[in-house]
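I have a structure here, written as structure tokens, and I will follow up with some questions on it.
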Amino acid sequence: MTASATASRAGWRVKQPSIIPGFGLTLGFSLAYLSLIILIPIAGLLWRTAELGWSGFFAILSDERTIRALYVSFGTAFIAALVNVIFGTLLAWVLTRYRFPGRRLIDAMVDLPFALPTAVAGIAFASLYAPNGWIGSLFMPFRIAFTPIGIVIALIFIGLPFVVRTVQPIMEEIDKEVEEAAATLGANRFQTIFNVLLPGLTPALLTGFALAFARGVGEYGSVIFIAGNIPYVSEIAPLLIVIRLEEFNYAGATAIATIMLLISFAMLLVINLIQAWSRRRYGNV
Amino acid sequence: MEVKINNIRKEFDRFAALNDVSLNIASGELIALLGPSGSGKTTLLRLIAGLDFPTAGQIFFGEEDASRHSVQERNVGFVFQHYALFRHMTVAQNIGFGLKVRPSASRPPKSEIKKRVSDLLDMVQLSGLENRYPNQLSGGQRQRVALARAMAIEPRILLLDEPFGALDAKVRKELRRWLREFHDRTGHTTVFVTHDQEEALELADRVVVMSQGKIEQVGSADDVYDRPQSPFVFSFIGESSHLPVEVKNGTVLFQGEPIGISEKTDAAGDLFFRPEDVVLTDEKDALFGKVTACRRLAGTRIAEIDIANNGHDPFHVEVEVPLHAPVELGSEARFRPTRWKIFNK
Amino acid sequence: MSDNRRISFRNPADESFSTKLILVALTLVFLAFFLFLPLVSVFYEAFREGWVTYEEALLEPDAWAAIQLTLTVAAIAVPLNLVFGLAASWAIAKFEFKGKAFLITLIDLPFSISPVISGLVYVLLFGSGSLLGPFLKSYGIEILFAVPGIVLATVFVTFPFVARELIPLMQEQGTGDEEAALSLGASGWQTFWYVTLPNIKWGLLYGVLLCNARAMGEFGAVSVVSGRIRGLTNTMPLHVEILYNEYNMVAAFAVASLLALLALVTLALKTFLELRFGAGAAGGRH
């Protein structure tokens, strides 16, 4: 409230006065570095897309192979994010509520997909789920690796920590009194979980889903080894960008990249809206 | 609904939080469980509700053994200290929750639930707020939503855990009066937990004073204040001082000297008295000591007096003195208790 | 209903033992398939032909060159983002200014961009069809398919890590300590060095750890800009891919096992920091 009061007195002002030095230096450096590394290159991408014109842009996007690749990327990322919401919630629940040997180890290992290089995950999953791999052989003759299911498997791995780490802190804050209150009102455990606890977690679940989904759509390294990369079937959009680049088809790569970028921005916006909405309605979430 | 608590014992990891507690609550009574933290009062409340289970003993609701029923089956209204409202539900959804989760056979139709919710909102004077979220309410409003939610299931007993603990002083006073009226109107058997004696004495029909997992005394406000039955109750409720005394041949002796009061039976124990039950005197047989502090309290003064103890740390007592009594800082004051109680060692 | 029925002594906000057992078991099976077996298989495949083959695979010149390049790239990219992280979090946490929320969103941007696109933007900027590329080439400066390009792509991808850890931490700490130091006559640099830095050192270390893990492990972005010239522009993850595609499984997994070890060390240090200094030193999401 002080901010608006000061602003109305002093007119529009970029920065509130402060005795701490270094504002110009640090902000100036940050903005310059941000522009050089992130903003100018992205602007370059958008500019190259603009050069294509609407018709050129749509011609590339309406290409059957592009559509299929985007469909595979978004479809597999969606399914993987859904699986992660279910198992991520279960995992977060088990980690916050139950005490069992190895809990700390598992809690630490949930972050493995953040830390493990994607290429390493990629070859590990490919060899595990291949028809002659430890897990793949169990499911034969049903094939996992080198089909879209393989992509989903890799994306479940990649997205898991996003859901767990978004839901876990909210679960830790749940007041046991709320569950007891539901019980005194006659709700059985099932009703308490599905009518009281899960709806309270909805904003966190949506955020976790959106984060896992956004990451899955753009994922490359862990997917390409297990996907089989069959055009129209298991070829993901990021791989198609790489293929277009290797063909020196910059226009093709640029157009696909731009549409993916725009969708990422939309996802980012959605995540922020979910959080703003839940903060407004439920207080601090 | 009449509640009988028979020889309840509750252990947490071998530590006895409640030890052989028995209590009868009459139908329609408003009962306060009063005690310091760790006295077991909240544990007792949770046992009645069925949120915890006794290690030994039984709880009867009327003729029915409630210890055989889960919390869901007991049909008690419980208001939690921090209200435990469902924050993703509106006020109306919160209040209607208990009806909504009933099995379909006994669940009232939607229109009936809606009507019940609106009646309850009227009753707790929150009409018009049904579509608010808990986050958008004040502390006092949340408290009343929690009460309406507990009442919606037509509970057999109403249980409240520190109902005013999280509120500021002014709202607390208002709600206290409001709860009394609410109880008089609805006539529910009500048990509430508090550590605030003023709250307990003002509000309750009977006060259950608890300490260290045991009931020290049960009685009306007058009983526990005027006729405390244990040193704990005497010192926990109201202000008091105590001194080691002996009774010989009907005369009360302090440090071997008579102090001008008498008892029927001979004993050795602690003499308890309240600051206001003291009179200043010039007579030889009296307690006397040095005034170390004097403070104004509304219409009177409280004098703090140190009584010498043969070179050990002096005994410290507080007495109420009239405004114009000649009691000066550093002077000697002589006084006698007018009402007192001696608890045998 | 028998008269002696005693109802379960279970808290109503808790599940029965058997439910817990089933849920924990289900979780463990899920994690076995998606976390533990993949991790174990990396080391199993790497050592399946013994220690000697493993050692040879790592000491092979191209593998060794890839290791060196990876270390070099991380040694450049991490300090750059460290300096940026400090500057950005100082500006954001210690001052109130317009557009702050937007700036934070921009800093987070690389998290939500496909790594392939992160590489692509530099190809478009410095590639043969661009303005800058041929211009720089005429001065003998190679960006693409050379170390500078790899560094740039890595910096892009790891851009938010340090800042993301420090901003919430420094915001939580407020400006009181700095104002006290300044009022006691300390200069701006002294204030930063003696007051701010000790307050944030564990959060900083945490951010650097995560930044480093990602820098050494980045695959997609680097793959687009590197050109994958063996012994020259191949980082470890790229080398893993090449070996794997050549069906040289043992060598691929040997190099991969080093990266997996790095991930495990990172996780161990991260867990240690969290246990030792509380989640506060290690807040924020990644």
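Letters are used for the chains, namely A, B and C, taken in the order the chains are written, and counting of residues starts over at 1 for each.
Following the convention adopted for this analysis, a residue touches a chain if its C-beta (ideal position, glycine included) is under 8 Å from a C-beta of that chain, and two chains touch if they have at least 3 such contacts.
This one's a predicted model, so the numbers in the text were calculated from it and none came from an experiment.
Of the two chain pairs examined here, A-B and A-C, the one linked by more C-beta pairs in contact is A-C. Here A is the chain whose Cα centre lies closest to the centre of all protein Cα atoms. In whole angstrom, the spacing between the mean C-alpha positions of subunit B and subunit C is 57. Rounded to whole angstrom, the centroid-to-centroid distance between subunit A and subunit B, based on C-alpha atoms, equals 53 Å.
Computed centre separation for the pair subunit A/subunit C is 15 angstrom, with centres defined by C-alpha atoms.
For subunit A, residues that reach two or more other chains under the stated contact definition are 180, 183. Annotation for subunit C: residues touching 2 or more other chains are 11-12. Among the residues of subunit B, those in touch with two or more other chains are 50-51, 71-72. Against subunit B, the residues of subunit A that register as touching in their complex are 175, 177-178, 180-188, 191, 195-196, 199-200, 202, 281-283. Across the interface of their complex, subunit A is touched by residues 49-51, 71-72, 75-78, 80-82, 84-89, 97-98, 100-102, 133, 135, 146, 149-150, 152-153 of subunit B. On subunit B, the positions that touch subunit C within their shared complex are 50-53, 67-72.
Residues 11-13, 15, 20, 23-24, 26-28, 30-31, 33-39, 41-42, 45, 83-84, 86-88, 90-91, 94-98, 103, 105-110, 112-117, 120-125, 127, 129-130, 152, 155-156, 159, 175, 178-179, 182, 188, 191-192, 210, 213, 216-220, 223-224, 236-238, 240-241, 244, 249, 252-253, 256, 259-260, 262-264, 266-268, 270-271, 285-286 of subunit C touch subunit A in their complex.
Subunit A meets subunit C in the complex at residues 3, 13-16, 18-23, 25-27, 29-31, 33-34, 37-42, 44-45, 48, 87, 90-91, 93-94, 97-98, 100, 104, 106, 108-128, 133-135, 153, 156-157, 160-162, 165-166, 176, 179-180, 183, 189, 192, 211, 214-215, 217-221, 225, 237-239, 241-242, 245, 250, 253-254, 257, 260-261, 264-265, 267-268, 272.
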